Amino acid sequence: MNRKTLMLAAAAAALSLGLSACGADSSKTSTGASTGSGSAGTTTIASKLIMGGPPEFKTRPDGLPGLKKNYGVVFGKYTVTDTGGPVTVSSLKNGQIDAADLFTTDPSIQANGFVILEDPKSNFAAQNIVPIISKAKATDGVKKILNGIQAKLTTDGLGQLLTKVQNQKQDPDAVAKQWLSDNGLSGTGSSASGVKLTVGSANFPENVILADIYAEALKAQGASIKTTLNIGSREKYYAGLKDGSIDLFAEYTGTILQFIDKNATATSPDDVYAALVKALPSNLIALDKAQAQDSDAIVVTKATADKYSLKTIADLAKTG
Amino acid sequence: MTALATSSSSSPLHFWGYFMDHRSTDLSWLWSHTWLSVVPVVIGLLVALPLGWLARRYRFVYPPLISLTGLIYTIPSIALFVLIPPLFGLKSLDPKQVPIALTLYSIALLVRVVADGLASVSEDTVQAATAIGFKPLGRFFRVELPIAVPVITAGLRVALVANVSIVAVSGTIGMSNLGQLFTLGFQNSTNGPYYPPIVLGIVLCVLLALVLDRIVIILNILLTPWRKAVRS
Amino acid sequence: MIGEVFTWLNDPGHWKDTRFDTGIATQLTAHVRFCAFALLVALIIALPLGLVIGHTGRGRWLIAAANTLRALPTVGVLVLLTVVIAPHFYGRTDTGYLIPTEIVLIVLAIPSILSNTFAGVENVDPAVRDAAEGMGMTGKQVLLKVELPCSLPLIFSGFRSATLQVIATATIASYLPLGGLGRFIYDGLAQQDFPQMIGGGVLVAGLALVADLLLYLVQRYTVSRGLTGRFSKKRIPDARLASVTQAEVAAV
Amino acid sequence: MIRFESVSKRYPDGTVAVDELDFVAPSGQITVLVGPSGCGKTTSLRMINRMIEPTAGRILIDDQDVTKVDAAQLRRGIGYVIQHAGLFPHRTIIDNVASVPYLLGTDKKQARARAMELIERVGLDPRFAKRYPSQLSGGQQQRVGVARALAADPPVMLMDEPFSAVDPVVRDQLQEEFLRLQSDLGKTIVFVTHDIDEAIKLGDQVAVLRVGGHLAQLATPAELLSRPVDEFVAGFVGRDRGYRALTFTTVGELAVHDEQTVTLGAPVPSGADLDNWILVVDAANVPQGWLNLVELSRDDTTVSADLLYRGGTLATQGGSLREALDACLSSPSGRGVVVDSDETLLGSITAAEVLALIEKRRPAAASVTGSGSERR
């Protein structure tokens, strides 16, 4: 008994020691980073902050490179969290990071009182939802079904769908079916029969819901559907789209355009869409864009926004 | 925690209700998870048998073979999954990358187990078998292999249990299996934890591992009836 | 492709830290630290426990229980613990992610060490144990002077096997916002930067090999030649298998 | 002296291993516990050094109750040798032998010097000192086991079937050496075996135990052979016990006949007065074998070694009647060869003469006390 207690105590002591050692070390790294930026000359607000987001945000054209190019914003440090998911939100909330790359439709922005920094220079281009589909699978029937969905998708509607899934913990597939029937799109038929499709999604709930909506609607019209959900970053699933591992994906016009064409300059919804249609490789086509938008955004906590009087991304480049 | 209070459906114990609500999806994930765990071990064993025999028969083959297979095991699974498509000329998200990676792991583990299992057959037994007229191949299948069964099945158990865990990792890169439940639960934990899919995933993975383990144990008992006396 | 990986590994710029990218040197250190800590804690828990269970023969169910830990899906446990633990840590600390990661790694390392230590003690020749007691060794002396040194070969193989597993699995720390060599794998994956990703994998495998070699050397100088039989030309007992067969068979 | 006083061992499940055992193992002597498996002989032995605790009665070593002494302390003062030696595989031979001195806190150098001395004493090559047990044969390991038990020079030794795991030839050798060692050391030894021949060969007194842990008979080997108390002991002691009992019967001086001899290498003798069989000796008058003159061919002109019948055993003057009778029975000529302690020829004796001696001694057989010291 005595021996066991002793052992447990020793283990606990070692654990806390080791953890504090690791913790101490990581904080040292971050202070090291900020001293580094301080010695660079002028101290911008951004250089005092730690930015968090997905790995690819470091290299993506509208990620760190875009922020630097468009606003001259260079953060003190970048911590890889996840793609607008729980790690990013809880890190921002708990102060492990000061600014985050989140999606504008994310209900947790409102729930936590986060502040979306405005993007006057359209670093993040218009982000209308658009189905990207492999040409071989885009029969008229399929096109008609998907475009019918696109016509009904609104930004607010998207937010509501997300709230149902993320806050009320409803099942994405059920939410998708409900939305289809609410919008009179749940009719069964055979306009897509004979088509075999693999629907993919990125690993964030909104994209999963959209994939489910497409998949359910096509299934109801007789298509044979496979889903590959929660794949990961665009860099990863786009390769799948191109080589035919996936046939259909709910995309965002701005980011997909910039992903394909690093020099794209279009920012307005119509310009972006037009550029995208041209830029897509020959085996992929874009169907109708929806009115609904869900853009990446730089988000900070209310406290940070107040402290540095932040309203737009450009404010981050000010000295403070 | 707040979500726990407001919505009973996100309580960890709600995993069964969650399962009932999403039965068809969960079962299809469980099914593919099972296949992904089992098939690579079976293929791995089929490949490992001749290799293990070779390592036993020609002693000089043993060290390099064991080092090589040991090396495979040090590659992190997530890296191996992504390495497979370019190496095997597959499409980037081809679901075959998971079983291929797992087969490699299984071979790595089982070659050594088979070789050492065969080595556990006593020299006297081998000589006696030869003396009563077994030819090498017949001796291998009817004497050496049966005697090596306990050691080989011990290796199979380890390989199967490890595979169940590794398959779940592939769920984080979009493959359809129980690993999806973890991604799903995690992604929906932005506003308060969403336990049911996570807990369900763990429960199903553990159950699957235990059931597969039990099957191998039973298989071992059936294949080695002469050990019954010892086991009592 | 191999050339690109080599180039990536050979670029001194990738070894140093920059503002947005942590270099290989730092991530390697972080990786070693995650693993060393988990292995140390697992050893502190599993070694005495295995010795005592093997010595007294009591509490065997703990060995069986530890072996069922092997069935736990690593990712699932990591996600669960993160969801439970991470929201409770505020400020510039990664402790909220560090704790789940370390727990997962410790849970991963314990079964091999525990069951091999137990099997090692249990496999000590009963005649040897009898002789030790009969010549007047106390229980503690029998354990420390006879059973422990005699089970060292199996303990080492269990620890080496645990080390390999932990080093390979510590990459999942990067599924959370933590460093370690997994960062290159996950970032490379997300950015479709294959040289980076494969380079990360190569580094992990290399680290595992180096660690195994070091442990082999330690084993060579701590385990009595009387046990390894190295005076006669026998092959070196290696980690993975010994733990598989001995411990698993013991667990049945 | 080790004294058992109504010692019992009863297990919780009701099995009785040892039942009310009473006996004394005298100082400086070998007491052998023998019996079939399940007779509690090992249990009795292990209760002396408290490897097993008795449930009733007490065991005294030199009037000190063993349960009053700390078990570990007690054991360090008692040599312990077991069937498979139980050598520490991770320690060299010399460190194995020095184990108890180390435990007692003896200076390392001193302990090793003592160990080295013992290694040689038990008949091992000193070069083995730095080797490990796995490099030794079973017989060699057993010698190390004995050396280890002797290292702290304990007055009492417990030996649990120490020689039963080695082959018969080695066992015989180990037994001889063990007796030689004991004649030098004079330890108080309790020895367990299931082999009645070993018990008779080694014991100064033999305790026969029956299943259930009852003492059937405690006696000297000779008495055991000549007067088993009951059927069980008689059966256990086995056949040929009359013949085997002759081992313990000696006669003062055998009256021998002169025997004609021929020296090895000499010409083959001839003459009508010669018997068919003639004894061949070497230059020192040590018997080499018998020569059958009838069988010789013409070419055999000298007495060469390859012509000899070497089957006969030799009787030593002053030895047992068993030896004398066996010499007669094994001799091709029917005449038993008697030698002195230097193995030089004294003469011969016939089986009839030995039987006559046996007949003559019969009335006195009851008072025979063939104790160990007498034999030696």
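Labels A, B, C and D are assigned to the chains in the order they are written; within every chain, residues are numbered from 1.
Keep in mind that, in the parts below, a residue touches a chain if its C-beta (ideal position, glycine included) is under 8 Å from a C-beta of that chain, and two chains touch if they have at least 3 such contacts.
Bear in mind that the values here come from a model prediction, so they are computed numbers and not experimental data.
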Open item on the list: Strictly by the touch rule at the top, which chains does chain C share as contacts with chain D?
Closed with: none
Task: Higher-contact pair (C-beta pairs counted), B-C versus A-B - done: B-C
Open item on the list: Nearest whole angstrom, what separates the Cα centre of chain B from the Cα centre of chain C?
Closed with: 20
- [ ] Report, in whole Å, the distance between the mean C-alpha point of chain A and the mean C-alpha point of chain D.
- [x] 90
Open item on the list: On a C-alpha centroid basis, what's the spacing between chain A and chain B, in Å?
Closed with: 34
- [ ] Between chain B and chain D, tell me the centre distance in angstrom, where each centre is the average of that chain's C-alpha atoms.
- [x] 60
Open item on the list: If I count partner chains per residue in chain C, which residues reach a count of at least 2?
Closed with: 82-83, 87, 186, 189
Open item on the list: Quick check on chain B: which residues sit in contact with 2+ other chains?
Closed with: 171-173, 186, 189, 194
Open item on the list: Residues of chain A that contact two or more other chains, please.
Closed with: 86, 90, 232, 236, 239
- [ ] May I ask you to sort the chain touch graph into line, ring, star, complete or other?
- [x] other
TODO: Mind listing each pair of touching chains for me?
DONE: A-B, A-C, B-C, C-D
Open item on the list: Per the contact definition, I'd like the list of chain D residues that touch chain C in the complex.
Closed with: 49, 51, 71-78, 80, 82-92, 99-100, 103, 132-135, 145, 148-149, 158
Open item on the list: Give the list of chain B residues in touch with chain C in this complex.
Closed with: 62-63, 66, 70-71, 73-80, 82-83, 86, 109, 112-113, 116-117, 150-151, 154-155, 157-158, 161-162, 164-165, 168-169, 171-173, 178-179, 181-182, 185-186, 189, 193-195, 198-199, 201-202, 205-206, 209-210, 213, 217
Open item on the list: Quick check on the complex: what are the chain A residues that touch chain C?
Closed with: 3, 7, 10-11, 14-15, 18-19, 21-23, 25-27, 29-30, 33, 36-37, 50, 52, 54-56, 58-59, 64, 74-82, 86-87, 90-91, 93-96, 232-233, 235-236, 239
- [ ] Flag every residue of chain C that touches chain B in the complex, lowest number first.
- [x] 1, 68, 70-77, 79-80, 82-84, 87, 164, 167-169, 171-172, 175, 182, 185-186, 189, 194, 197-198, 200-201, 204-205, 208-209, 212, 235, 238, 240-241, 244-245, 248-249, 252
- [ ] Could you pull out which chain A residues touch chain B in their complex?
- [x] 85-86, 89-90, 106-108, 111, 165-169, 171, 173-174, 200, 203-205, 208, 227-232, 236-237, 239-240, 243-246
